[in-house]
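Contents: one structure, followed by commentary.
Which chain is which? They are A, B, C, D, E and F, in the order written, and residues in each are numbered from 1.
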Amino acid sequence: MAIIRAEIGKRDQETKNAIIAELTDVLVKYGSPRENTHVLLYEVSYDNWAKGGLTYNERKKQAQESS
Amino acid sequence: MAIIRAEIGKRDQETKNAIIAELTDVLVKYGSPRENTHVLLYEVSYDNWAKGGLTYNERKKQAQESS
Amino acid sequence: MAIIRAEIGKRDQETKNAIIAELTDVLVKYGSPRENTHVLLYEVSYDNWAKGGLTYNERKKQAQESS
Amino acid sequence: MAIIRAEIGKRDQETKNAIIAELTDVLVKYGSPRENTHVLLYEVSYDNWAKGGLTYNERKKQAQESS
Amino acid sequence: MAIIRAEIGKRDQETKNAIIAELTDVLVKYGSPRENTHVLLYEVSYDNWAKGGLTYNERKKQAQESS
Amino acid sequence: MAIIRAEIGKRDQETKNAIIAELTDVLVKYGSPRENTHVLLYEVSYDNWAKGGLTYNERKKQAQESS
């Protein structure tokens, strides 16, 4: 059994379905029964997600200003 | 003390209040001080929540098509 | 369907089994299919869990010293 | 390296940026490399967040009624 | 960017390394920069992980007794 | 109110106490009542925590071999 939570940026439904299917396949390959393998996607806004103390939206803005 | 996080499907407020009250009662019964018992509900879309590699929305659709 | 995560202090197995069973019953009562209801307990050390800026172990120590 | 998740009430973007920057500074001060320090904010509705078995919205309402 | 958390049963290090590498490949395939793709494995005891109100250890014991 | 979860490497208790106190101060500064501000530290093994598809232990080993 396995529960996978993935925090990602926004994706369309087709891409989310593909991510879910392939993440599941990885865990099944390593022993988790398919029907006991769960995936939950959290699409996190880049206004709420930061690296190095700056949100990804802020990082993008600064990269554009300095280019 | 206890912190409970429950990932559930969408519910109306009255149902959420009942779930919160009763989850709290369980933890209090087993020793957690009431005012140190916290509950957070995450209502997860069935487009983002999967079992066996298929979202619950997709599973429902397939079940209807095959019936 | 529901996934419940509860962060609690250390408990013996009998108590954990009871907590799990009763948390599950709450979600089933409000519509989650029993076999799609999952519970995970995280027993968190009071050295790593804080309220008001002090770990629960530290709070206990200070309470004893001031009494 | 560090990953910080903070569940908070709703905040404006300026405040979120400040919270992110200062949480990051704390971890960097204690040894986490800045560019390996991540923060994610989850703004949780007070309809879904409870203490003592009552949502914060419900607690507020009861406090107002009793005053 | 992506952060994946997988709750799994106990695995040896070689298997964990393979799971991590392949989960990462899935996210990279769908647009997450490799060096911004993080995986954390939580190996949860089957005494603390339940489905249908019974821990996986308890379910296994009951399955053996009834066979 | 705020709940902070920080995934970090192993730290001694004194450092953990300092991290907890200072993370709490940040949230209190931006409006969270002190006694409703919670911190939980998860010390994650570098065998279970990966970036770019390799655990931090594996990355360290490879960095040493190539130097």
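Convention: a contact is a pair of C-beta atoms (placed from the backbone, for glycine too) under 8 Å apart; a residue touches a chain by one contact, two chains touch by 3 or more.
Since this is a predicted model, take the numbers as computed values, not measurements.
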**OP:** Work out which chains are contact partners of both subunit C and subunit E.
**Re:** A, F
Original post:
Chains shared as neighbours by subunit E and subunit F?
Top reply: C, D
Subject >> Equivalent-chain rotation between subunit E and subunit B, CA atoms, steps of 5 degrees >> reply: 180
Original post:
Using each chain's Cα centroid, which is most distant from the centroid of subunit C?
Top reply: A
Original post:
When subunit A meets its copy subunit E, do both sides use mostly the same residue numbers (more than half shared) or mostly different ones?
Top reply: same
Original post:
Approximately how many whole Å separate the CA-defined centres of subunit C and subunit F?
Top reply: 21
**OP:** Round to the nearest whole Å and give the separation of the Cα centres of subunit B and subunit F.
**Re:** 27
Subject >> CA centroid of subunit B to CA centroid of subunit C, Å >> reply: 16
Subject >> Set of subunit F residues in contact with two or more other chains >> reply: 3, 7, 38, 40, 49, 51
Subject >> Set of all touching chain pairs, with the criterion as stated earlier >> reply: A-B, A-C, A-D, A-E, B-C, B-D, B-F, C-E, C-F, D-E, D-F, E-F
**OP:** Flag every residue of subunit F that touches subunit C in the complex, lowest number first.
**Re:** 13, 16-17, 20-21, 24-25, 28, 34-35, 37-43
**OP:** Using the touch definition up top, name the residues of subunit F that touch subunit D in the complex.
**Re:** 1-9, 11, 15, 18-19, 22-23, 26-27, 29-32, 36, 49, 51, 56
Subject >> Residue numbers on subunit B that touch subunit A, as the complex places them >> reply: 7, 44, 47-55, 58
**OP:** Spell out the residues on subunit B that touch subunit F in their complex, using ranges where they run on.
**Re:** 3, 38, 40
